[in-house]
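Dropping the structures in below, format is structure tokens.
The two complexes that follow have chain A in common; it is paired with chain B in the first and with chain C in the second.
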Partner chain A sequence: MTDFFNTYGNLMVLMVFNAMLGLSLYLPLMAGQLSLASPGFYALGGYIGAVFSTKVFQSSDGAFPVSYVLLEMLVGGLASGVLAIVVGIPALRLRGIYLALATIAFVEILRVLSLNLTITGGAIGIFGIPQPFNRPLKYLYIAGPLLLFSMFFMYRLERIRAGRALTAIREDELAAGAMGINPTYYKVLAFTLGAILAGMVGALSAHFLNTWNARQGTFDASITYLTFALIGGSRTFVGPVVGAMLLTALPELLRFLGGIDQLPQSVRDLFLNGRLIIFGLLIVLGTIFFPQGIITPRLWERRRRTKAVRPAESNL
Partner chain B sequence: MTLTQFFQNVLNGLSIGSVYAIFALGYTLVFSILGIINFAHGSVFTLGAYFTYMLTGLAVGFNGILATTRLPFALPFILALLVGSGLAGLVGVLIERLAFRPLRKRGSDRLLSLVSSLGVAVVIVNLIQYLVGAEAYSYRSDPFGLGQPTVNFGTPERPIPVRSVQLVIFAVSVVILIVLTLIINRTRLGKALQAVAEDTVTARLLGINTDRLILFTFFVSGFLGGMAGTLVATSQSITGPYFGIAFGLKGLAVIVLGGLGNIPGAVVGGFVIGLAEAFVPSQYVAYKEAVAFALLFIILLIRPQGLLGRVQVQKV
Partner chain C sequence: MTTEPVPILELHGITVNYGGIRAIENIDLVVNTGEVVTLIGANGAGKSTTLRAISRLVNPLSGKIIYAGKDITRARTDEVVKWGIAQSPEGRRVLARQSVLDNLRLGAYTRSDRAEIERDLQQQFALFPRLAERRHQQAGTLSGGEQQMLAIARAVMSRPRLLLLDEPSLGLAPLIVIEIFSIIRNLHAAGVTILLVEQNARLALQNADRGYVLEAGAITFSGPADQLLGDERVKQAYLG
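For the complex of A and B:
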């Protein structure tokens, strides 16, 4: 069992990180807004964590204090949130593909900036970021509760006024506006919440990865997070979490399949070296055959309906 | 800035701008008909460059499963350029059949076709890496057989040297632009294309075979993408399977600048961005990559319909 945790500790932490990044993209998607900006905020949070821990807090001997990591996550989240409000208010007037394109531009501009500024270490980036834990798996002490909290938060959000307003905007923005919902307010709110989460994960991830550079916030990452949400399912917060965990584990699964001796050499070779080809194919097939994603509310809706119908009838 | 530099910048800007234009036309043709962005276009650009490389009879490198193979024949460069672009066009057709048509027939959300085209891009990029490895490839030196590396536009005393390959790129792109304009405006096929772009359902009622026309559009789009890829590769080299990603993103800036789905707009946008990049002062050259995205972001905020676009009336 210890072996298992040593081998897959990294993977498990990544799965939890990615689940939160999937949620960060899912938040604006709740309001029907396709924003691909999450990697930008993730990169920003990471740079804040990296700069603070290597330049501001000169760490003494031993492990880096966990309280500082939490502080960095707080700062990373806040900075991302502020940037999200500044960018979001003008950008969220755009819809559909236009918003997606504007957020792609936002991520690219941040990437070019981080490649050229001195504080971000230019093309080399920042390395030697101190470790608060002696084993990768221990990052779950921070990441695990954060994911659980985010999921609880999402669970509540989907059931209160703000969450229902987001759903209303997704279904029909004009009608939602006519009902007295301020679409811009709620869209910026969802966008900002997603940015805060991405920024916090970024700050933690900088420690986990030990180095941070401009490759952390790229268009590729935007695609990956979007895939988490759409393959997992974009109608409930469970979707992006499950999607992120499955898709993050998939390359490892393929590596495992590639190690089975009974398979023909060419197939094993494809599993080992062509993992991303299979990943891409699954994205295409997933959109065609699971347009709603793997996890849909329908999975548990029937059970709830039988419970909910009776009180509704008694009101009539 | 001296007058010499000014002329050099203009000519270089026109040259790269013309490639942006033909590449972006590939995006915009598909968008004008289907209202979706084909995110696999950048990877078709890459494929086109590789196809031309193979067709000129050069051998594959040592990595990848096709290591050191070469075609049994070698085409002259111009012919290889045309055939390679044609093959890229066929890949475009394949993408339409496998990734777009199944979703269209199911009446899926347009965002899903965006995701499936991203999936195709992931497949193509990694397939290239799997087959021919990730190293850079260069064409034979002086592929067009020009003899001299630069052409002097000034007097012998005050030379204004411009790389001759840039001039050929400009010439080829302009020829392609003229041919395409003639096809769209003067032929029955082009008229049908415009009709479908205006209103798919009505065009079908009037007896236009829309499915065949969509296939044709994807062929032309792939052809233009592959051609642009080869042209860019002649002035630098094929930098690896990710060759087309940056160009693909920049193409998005071009089409938004000109107006999504607007064919003259894509040409104008291409030249505007090409010239804007050429005039970035040399001390800020590291920020050149951000110019297109900054323009994209600004234009989306102040004039989302693009420079030449029409304002779309919002329907309830």
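For the complex of A and C:
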């Protein structure tokens, strides 16, 4: 068992990180806004964590204090939140594909900035970020509770007035306005909450990866997070969480399948080297057979309904 | 003995442009508390634009909108809903994926008096038995007439002082139209002030206190509804 955790510790932490990044993209999506800005906030949070822990906090010998990591996450989250409000108010006036384009531009601007600033270490980036834990798996002590908390938060959000306002905006912005909902306010709110989460994950991720540079938070990441929601489902917060975990674990699964000796060599090669082909295939097949994603609210609604109907039927 | 009419809504010289095209020009219109006022006219005459200016979905180029003594010309849509102007938008715009119940609850979005909201909900169900039967059904699965009823009921859920109805008879079977208008009469009897935009001029005038005729973006006739019903020019143009 310890062997398993040593081998897959990295992967499990990544799965939890990506689940939260999927949620960060899902939040504005709740209000029907396709924003691809999450990697930008993730990168910003990461740079904040990296700069703080290498330049501001003088690391004494031994492990880096966990309290400092938490502090960096707080600062990373807050900075991302403030930036999200500043960027979100003008950007969220755009709709549909135009908003997506603007947020891609935002991610690119941050990336080019980080390539050219001294404080971010230019193209080399920042490395030697101190470790608070002696094993990667221990990052789950922070990431795990954060994921559980954000999932609980999302569970509540989908059930309160604000959540109903978000879904109303997603369905029909004009009708939502006619009911007294302020669409701009809720769109910026959802965008900002998503940014805060991405920023916090970024700060933690900088420690986890040990190094941080402009390759973190790129357009590729935008698309990856989007597939989390596409494959997992975008009608409930469970969708992106499950999608992120599955898709993050997929390369490992393929590596395992590629190691099975009984399979023909060509199939094993496909599993081992054709990861991107299989990824693309899954997205295509997913949109055909699960247009709403794997996880939809109907999964549990149907069960509830059959439960509610059964007693009545027995009277017949 | 007549009581002095109390205006709840006044439009003074409202002009709206879409791009460079003038949609309505210099509209003056008054709705008094307790009245049903109808705005009739042909397709593209600017009826919906006028309503959208009031519900603050479009910005007037010039003019003033006064509601309950307050200038709302530059207010936001969600603000005017909070102040008591509710609308049943053109094309109904019910939230298709949500249940009838959730649609109605969202109608009361600006209110926080839970017990009263529940009471109003029951009242809507009493008024619209068909909605009560289908309360857990997705709104998109309702028939056109039922969706229109839902759109009206949803607007009423905000307890409006002024109800804007945009083409409630649009695309509905004649029998359903009659039902919708009897609902409008009931609402009026219950004391709701209504501004009704309609293409069906005869039915609208028959159910209104006063009427305005809109033609190519300007008001050409106005007066008591029965007087407009008897007017030769209105008859020729709109009543056939």
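FYI, the second predicted complex is superposed on the first by the 302 of 316 C-alpha atoms of A that agree within 3 Å, B and C clash if a C-alpha of one lies under 4 Å from a C-alpha of the other, contacts with A are read in each partner's own complex, and residues count from 1 in each chain.
Note that a contact is a pair of C-beta atoms (placed from the backbone, for glycine too) under 8 Å apart; a residue touches a chain by one contact, two chains touch by 3 or more.
Quantities reported herein were computed from a predicted structural model and do not represent experimental measurements.
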{"item": "Chain B versus chain C as contact partner of A:161, first or second or both or neither", "value": "second"}
{"item": "Chain B or chain C, by number of chain A residues touched", "value": "B"}
{"item": "Touched partner set for A:182, first chain B, second chain C, both or neither", "value": "second"}
{"item": "Touched partner set for A:174, first chain B, second chain C, both or neither", "value": "both"}
{"item": "Where chain A meets both chain C and chain B, residue numbers", "value": "174"}
{"item": "In the complex, chain B residues that touch chain A", "value": "36-37, 65, 98-99, 102-103, 106, 108-116, 118-127, 130, 245, 249, 252-253, 256, 260, 286-287, 289-290, 293-294, 296-297, 300-301, 304, 314, 316"}
{"item": "Contacting residues of chain C [partner chain A, same complex]", "value": "55, 57, 76-78, 81-82, 86-87, 89, 93-98, 102, 105-107, 109-110, 154-155, 158"}
{"item": "Chain C-facing residues of chain A, complex", "value": "161, 164-165, 167-168, 171-172, 174-182"}
{"item": "Touching residues on chain A, where the partner in the complex is chain B", "value": "34, 90-91, 93-94, 96-98, 100-102, 104-106, 108-109, 112-113, 115-116, 174, 219-220, 223, 226-227, 230, 269-270, 273-274, 276-277, 279-284, 286-288, 291"}
